[in-house]
Amino acid sequence: MSEKLILGISGSPRKGANTDFLLQTALDEAAQTEGIRTETIYLRDYEIHPCNSCFACCSDGAEKADRPCLAFKDGMEEIYPMLKECSGMIIGSPVFFGSYSAQTKAFMDRTEGLLRYGRSSYGNALSNKVGGAVAVGGNRNAGEEFTLLAIHYYFHIQNMIAVGTGNTPTPGCYLGGSATTFPQKGRVKDAVKDDELGIKSAKLLGNRVAEVLMMMK
Amino acid sequence: MSEKLILGISGSPRKGANTDFLLQTALDEAAQTEGIRTETIYLRDYEIHPCNSCFACCSDGAEKADRPCLAFKDGMEEIYPMLKECSGMIIGSPVFFGSYSAQTKAFMDRTEGLLRYGRSSYGNALSNKVGGAVAVGGNRNAGEEFTLLAIHYYFHIQNMIAVGTGNTPTPGCYLGGSATTFPQKGRVKDAVKDDELGIKSAKLLGNRVAEVLMMMK
Amino acid sequence: MSEKLILGISGSPRKGANTDFLLQTALDEAAQTEGIRTETIYLRDYEIHPCNSCFACCSDGAEKADRPCLAFKDGMEEIYPMLKECSGMIIGSPVFFGSYSAQTKAFMDRTEGLLRYGRSSYGNALSNKVGGAVAVGGNRNAGEEFTLLAIHYYFHIQNMIAVGTGNTPTPGCYLGGSATTFPQKGRVKDAVKDDELGIKSAKLLGNRVAEVLMMMK
Amino acid sequence: MSEKLILGISGSPRKGANTDFLLQTALDEAAQTEGIRTETIYLRDYEIHPCNSCFACCSDGAEKADRPCLAFKDGMEEIYPMLKECSGMIIGSPVFFGSYSAQTKAFMDRTEGLLRYGRSSYGNALSNKVGGAVAVGGNRNAGEEFTLLAIHYYFHIQNMIAVGTGNTPTPGCYLGGSATTFPQKGRVKDAVKDDELGIKSAKLLGNRVAEVLMMMK
């Protein structure tokens, strides 16, 4: 039987830094479950225009062209098929001003054509898939929770199943992986590796995404 | 095969008013799914002391007595077995000061013994069950969303699966049933019956709770 | 000139434990500002019925009797005059299931008569006063932020000025005082005293409430 | 005496559509207060790169060059001086996937150099200024509240004073201007003009921003 894909999405502008690490920690843990494989998309490697709200994704044109976005031909063209293929998704973002990065949001906004309204074959592409979130903040209680809630909101609108860290005592965070670079400065690229509790929460999140995915018929 | 129970919890202090109606609307819709039955608990009918944070639910005593709460013998004694029995739960609350009523929260806080830490046979009683939420506010955008997010937070901590309104276009709200008594005054007991969009969102939520429940192995 | 009062409200059921300590830390810091005095109300010392949503506070009866609540004669009778008198308020709550305790919410819900609708002389009693919040959670990112947001929501509905921790680098939390008993268990009454960052955030919050209060004409 | 500036920031990609209208409604109301003038920035008219998290804004280089961002020379160069000049700010965003648009967030993320850490003369540029928010959603309870909370979070981190709609009964929303294009489709450019309650909330928000601004010493 073919393995089920959990897709990691990193919204960090910095290669190999804290958010990438925390996301990979979650994905690696998910991959411990038999029947799961993972891939990671680093949004910074793609040109992604923000959605211009043209609504063409809901038009006859989108149906005829079978494209989830008619406004731009950019990096999303490579990402869309992977969104269709995956069974689960883990979004990782640094916490900027209390919520996800603009880069993370640009990706989200460009998945409008995957909603119920989408007229191409990508319409409903994410429905009933399992979603998890991880966030890294420069202060300890400084938007990590809010970022996870914001990513959950995205999952709900995509009709996905938003899950948290499962049933382990003292997970650090219930909503998802939550880590901080504090007391080091956010610019220190591996600061989050010292945050044991944050790493624990990311592992739990990864495991839970896999677990619920396998629980679904 | 025995039917699966979705338990409705009404946190409204007012009998037969707007929150009761919206909750019942959601439950009735859920019951349309074959294999689902529903029951409704009106918290106002029970004496429920707020949690005094004694942590006895996590003690040897709780295990020996096999009781999820050693601090109080009150209405929760009747409710606990139903929480164990149910496969899904829909919590309905009026919006008071932007979030759930104190009555709704007192019920939640008293389910500490059902968490992973709970030492009685009620420990983990809600794990992997499906949860949905409905809220009624006196203003249109006045805490309905926040109340639903707050109830979702409860579900996540109980390791439940928090679901929204599913995959229908223009659901009114994605997170759950969301209705308002506006432009009538909140005190008008059936004001919410004029809120078609709110009723639609409650129906969608009820249907989605049943749908996801049936989707779980 | 008479001093301005910042009222502390503790929603913890446990005397002298972590929330009380964090709240007092914030209040003591506020009191460093000349012209400020503080008092602390421990909600557990009062009998406070949850609001029954009778709307009598908005009736002619409330005006005639000049009472902000006609439904109950309980501990709130002592608290109402202090709410009228104060210039600022700091609410402290333990984090229960991701948000404030039922006890904290019961207090809030019973201040309906202080809203714009209130017909007694208590109507608008909190308008333009400055509000701050502190929260203590048993896990590190486990509802502290959400609790602070929920208390802010209360302040906004009361037309108060909700403030955070001000302008210091690495405050730990921007929204208010945020501390955790982790890695000790929540039941350890002075666990929060080991959370330096949490204590820092509470001090900053207290200072900011005083600062903004003095900034208002 | 020179007038105080309230700066409007529109994060809508669509010219002259619903968000622009709602934002202008708020600004026009604010301008009714004597001593207030307003200007509106449409982010779509500027090239704004998302923050690449280089932290140069906190470096000696930023101090020497006296520039709040060393990474990009783009449209923000024109906007930064207006952020320094203004006394208040109203941010308007369409609701995309439950929160602000990526465009709105890119603007926010690029104001990192205006924080307490900023080493140029733009450091602390927004501190103690008054902030308000308006949001337009395609569904009624579909992220409007969450978007306003997310914008408030931004204000708190910038040490601004986040205000809501003030003290009028039935404001529609307490947190800010909240309107919906429903039951018309979001693509209808003037759909929000039919939402009387949403327009009311935007006017109240504009008025409140001006009111609190004038209340500050």
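Chains here go by letter, A, B, C and D, matching the order in which they are written, and residues are numbered from 1 within each.
Criterion: a contact is a pair of C-beta atoms (placed from the backbone, for glycine too) under 8 Å apart; a residue touches a chain by one contact, two chains touch by 3 or more.
No experiment lies behind these values; they were computed from the predicted model shown.
Of the two chain pairs considered here, A-B and A-D, the higher C-beta contact count falls to A-D. Put simply, the chain farthest from subunit C by mean CA position is A. With centres taken as mean Cα positions, subunit D sits 36 Å from subunit B.
If you average the CA atoms of subunit A and of subunit D, the two centres end up 26 Å from each other.
Within subunit D, residues 98, 142-143, 146, 149, 153, 156-157, 174-175 each touch two or more of the remaining chains. Per the touch definition, subunit C reaches subunit A in the complex via residues 98, 138-146, 149, 170-175, 178, 182-183, 197, 201. Contact residues on subunit C toward subunit D in their complex (touch as defined above): 116-117, 124, 127-128, 149, 152-153, 156-157, 159, 161-164, 166-169, 174-175, 212, 215-217. Interface of subunit C with subunit B (complex): residues 12-14, 17, 50-53, 55, 94, 96-103, 105-106, 108-109, 111-112, 142-143, 146, 149-150, 153-154, 156-158, 185-187.
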